[in-house]
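To start, I am sharing the structure in question, which I have written as structure tokens.
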Amino acid sequence: MKNRILYKADEVRLAYALLTPALLFLAVFMFYPIIYVFLMAFFRTNKLGQLKDWVGLKNFIKMMSQKEFWAVALRSLSWTVIAVTVKTVLGMTIALCLNQKFRGRKIMRMLFIIPWASSVPISAMLWKWVYDSEFGLLNQTLRNLGITQSPPVWLGLPGWSFVSTIWVDIWIGIPFMALVFLAGIQSVSQDLYDSAYVDGVNSWEKFTKITLPSIKQILFIATLLSSLWTFNDFNTIYILTKGGPAGKTHILITSIYTNGFEWLKFSNAAVMAVFTFVILLSFSLFYARQFFGKGDESL
Amino acid sequence: MSTRWRDRGKIPMIILALVLLFIMLFPFFVMLSTMFKSSTEIYQKPPTWIPRDFTFMNFSKVWGQYQLLGYFKSSLIVGIGTTVLNTIIIVPAAYAISRFKFPGRKFMLYFLLIIQMFSPVIVIISLFKIFVQVGLLDSYIGLIFADTVFCISFTTWLMHGYFSSIPKEIEEAARIDGCTRLGTLRRIMIPIAAPGLVTAMIYTFIQAWNDFLFPLSFIKSQTKMPLTLGIYQFVGRWSTQWEMLTVAAFLALIPVLILFYIIEKQLVSGLAGGAVKG
Amino acid sequence: MKRIVLSLFALLALTGMLFITGCKKKEAEKSSVTVFWALYDGLTEDYRMDLQNAFMAEYPDVQLDIVPVPWDQLYDKLTTSIAGGNPPELSIIGTRWALELLDMDAIVPIEDYVSDTTLNNIFDGTKEAVINGKLWGLPVAAGARILTVNNSLTNVVPKTMEEMKAEAQRIVKDTDSYGIIMPGKKHTELTDFAYYLYAAGGDFFEMNADGSYGKCIVNNAAGVKALEFMVSLAKEGLVPDGYLSQSRMEAHPVFYSGDAGYVMIGAWVKSAMEQAGSDFKATYAQIPGFAGHPSTPLVITDSIAMFKDADSLDAAGKFIDFFYQDKWKAKFDELIGFPPVTKSAAKLPQFQNDLYKALNEAAGGAKPWPLMNGFAETTDIIWDAVSFALLGEKTPQQALDDAAKKVDEMRADL
């Protein structure tokens, strides 16, 4: 398949010219900082984040010999898998609902977007108030409805606080998923459905046999991007629990922040940043392969 | 025929949508309830949905005493500045990737994905140092640059998908009529890809409008603080003034909602166009 | 569609212009002073603006920018700006950060830039940030912690921790209110554990002969006693149900709402209760010791520090002198509800009520945080130990043993 492509010199030149602004920006404000962070992982740093002595892999070995580190890394993974799965399922459900024709659906679409329109730190603050164990309206409502008289301490117990924080992340991510899926569903040709109708297919089969395969690409890209964003969701946990209780809601990105900005241990933070990158990169490759099989040309 | 297809199961779907909507909007209901309460009532038990003493005081306080307008202005400048800059950068880049043959084209696409793997948290310290050296600290331009850098990759990808979905024939026809490459970009591609462009712009605007970590680290003077930071004024050392915070949150939400309302349709088709070919 | 794009672009262009003109009016040749202004509760926006304007009216050649920063973000913002090489001239800091900042070579002795009149007017007892014989941070707020009693639930002013617990048990039995407030969620300070630790005669580190800190001793008998006591308060249901999800910010409002008998709290309690509309009478008393131990409340001071890499330190010194006049500083103290750190302000009538009496008495036997390097991490480690014990995942002894070991390792590494 891979024939040698013949490039035209003037076309190549123009292409690079068009790409220059983007590359320039990325080089100065993105690569340089990232390279610096990667360097920090191999150096002893002082409290100002300056590089002192080259220590090779010592920082890595030290970090990876700690039980806590692996607990945090593992939590990052389960955090991402759970959140993205739920986001996908609920996002798809909402997209299917919104795909129906009924009065007021434009306004309903608008309302579903609100959580995305609200800034993450502000949303997280609102949830903190919702979850409040004494003055929060969530627990009061649960009591009033007679669902439970002793509602959970949402942000206090290890299990519940993980559930509560992950829910907020999910909640923030759903609208984007729903919108993208809706866009995908609407781009599926009506002819496909019409011919299926003739064959007497029920709606579940219609969904799995026609809709899903048609939006496979969208599904892949949306879940992949969502995974990357979810893995790096810093604001939610930082604002709701700061990683507590007893560090049980720390994920890698919040640990990076705590190590770097609070304890001023920049090398440790950098090691975790490198580790995060390696995980995300291998995950993306693995995921792309699983999704499309080998020889993928879709990206 | 197709309408009958849709009719079946429509009612349960709508009910399901309403239930989900209720869950999704729950915190905003709490927000609406809290913002009309007095500072004494927010800490009274049991909390009620309908404020016991309905008050509009919080609005005048937030607007007058806390100069929310100034924060609004900063957010608007940064949001719009980022949108403009990002658009200028990504449109040519996406066009080049989707229409030109050049070495490294494919690599560029992977590369855009890889950029998504880095969080702003990781680059903040180094970015701060760069900004100090080039004198961009505590400036709108610095914020706009930082926000733009983290929008480039997703929006370029989106626009690339959109451009790719436009049949090559249209462009070729125009070139036969004497248009240059850049001429076709301006006259043909951009108008056709307008929904995608609007989506990219809105995405960028929202990212910049909602950004928190960059202004927190890079902005020193109060006059340049955006809304997301301004709202944190209501988080004191010993308690949070929820009645004020919710008012501010509400006010911050409005411009974005209006934007969404205007472009809702384009947003959906824009995401489709971008992602289908993504 | 086209119209929308066009109007969007028009809007963009418009603000673009606004933005360009907005950039041009740069103040020429003024020395500019930036102050990171921690947001104490009660400190109003009006006060900040008035102070800023009044100073600039008196010193027209100085551009003063008092930047409000929430406490929760102050430390992070400060470290970022220092690491980036562009700190503010002045910042309010927790005095306990001073050693860290000194270690980063970020601060200068503030006494070199402030007039003697100002320095001599400050109580020597509050000058906590003296390191190597120099004063590195000027105390801005200093307050010992006190016990506040909700008189609608109890009139007992306990003499010992044990007495307090007994009365808390009675309150829980007789009313449907809580006995005592105990924040169980990590926040930036380790205050509540410190109250009990000091009350049991414990401490964070053993003291070497030369005045430096030795090993971490939170796991000695006193420390374990303190943590066991906290666990028992929680187990017996004397604290709010959601205490584990409550940092100080969420826990104290429960007291303000009248729903708890006791709270160990700082000077701001009175203004906070007013703001929350509390409708009960309160008594201000001393945090008791455990039986056989004297009352040893925690005292926390905040300071103003001056940063080495900033540009206009002399102008910053002028601002300090200006701010520490009674006209401004006393008003500041009154707003945030702290006892004055200046001798002249302490004589003012507004600082003579029952709250300030209790605070002054508390100041006598009070003990501060350890002044150490790596304090942020130490606090985090011990907080986690407290959480482990409260969650029942470790016994207090185990949790504190682990924590002490970790703190020692961490300090050896510094």
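As written, the chain order gives the labels A, B and C, with residue 1 at the start of each chain.
Please note the rule applied: a contact is a pair of C-beta atoms (placed from the backbone, for glycine too) under 8 Å apart; a residue touches a chain by one contact, two chains touch by 3 or more.
As the structure is a prediction and not an experimental result, all values here were calculated from the model.
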Weigh A-B against B-C on C-beta contact pairs and write down the one with more.
A-B
Maximum distance between Cα centroids and chain A occurs for chain C
So the centre of each chain is just the mean of its C-alpha atoms; given that, what is the distance between chain B and chain C in Å?
36
Please report how many Å separate the Cα centroid of chain A from that of chain B, as a whole number.
16
Going by the touch rule set out above, which residues of chain C reach two or more other chains?
76, 80, 83, 253, 257, 259
Chain B: which residues touch two or more other chains?
43-45, 125, 232, 235, 240
Please set out, as single numbers or ranges, the residues of chain A touching at least two other chains.
49, 134-135
Under the definition above, what is the set of chain A residues touching chain B in their complex?
5, 7-8, 11-12, 14-16, 18-19, 21-23, 25-26, 28-30, 32-34, 36-37, 49, 90, 93-94, 96-98, 100-102, 106, 108-123, 125-127, 129-130, 134-138, 140-141, 143, 171, 174-175, 179-180, 182-184, 186-187, 190, 193-194, 197, 203, 217-218, 221-222, 224-225, 228-229, 232, 234-235, 253, 256-257, 260, 266, 273, 276-277, 280-281, 284, 299
Residues of chain B touching chain A in their complex?
1-2, 5-6, 8-10, 13-14, 16-17, 20-21, 24-31, 33-34, 42-49, 88-90, 92-93, 95-97, 100-103, 105-106, 108-110, 113-119, 121-123, 125-127, 130, 145-146, 148-149, 152, 154, 156, 181, 206, 209-213, 227-228, 231-232, 235, 240, 242, 245-246, 249, 252-253, 256-257, 260-261, 264, 267-273, 275-278
In the complex formed with chain C, which residues of chain B make contact?
38-41, 43-45, 65-67, 76-77, 80-81, 83-84, 124-125, 128-129, 131-132, 137, 139-141, 191, 194-195, 197-198, 201, 216-217, 220-222, 232-233, 235-240, 262-263, 266
Of all residues in chain C, those that touch chain B in their complex
1-2, 4-5, 8, 11-12, 15-16, 18-19, 22-23, 34, 38-42, 44-46, 65-68, 70-73, 76-77, 80-81, 83-86, 88, 248-249, 252-253, 256-257, 259, 266, 268, 272, 275-277
For a test of understanding, state which residues of chain C touch chain A in their complex under the given definition.
75-76, 79-80, 82-83, 100, 103-104, 184-187, 240-246, 250, 253-254, 257, 259, 374, 376-377, 380, 383-384, 387-388, 390-391, 393
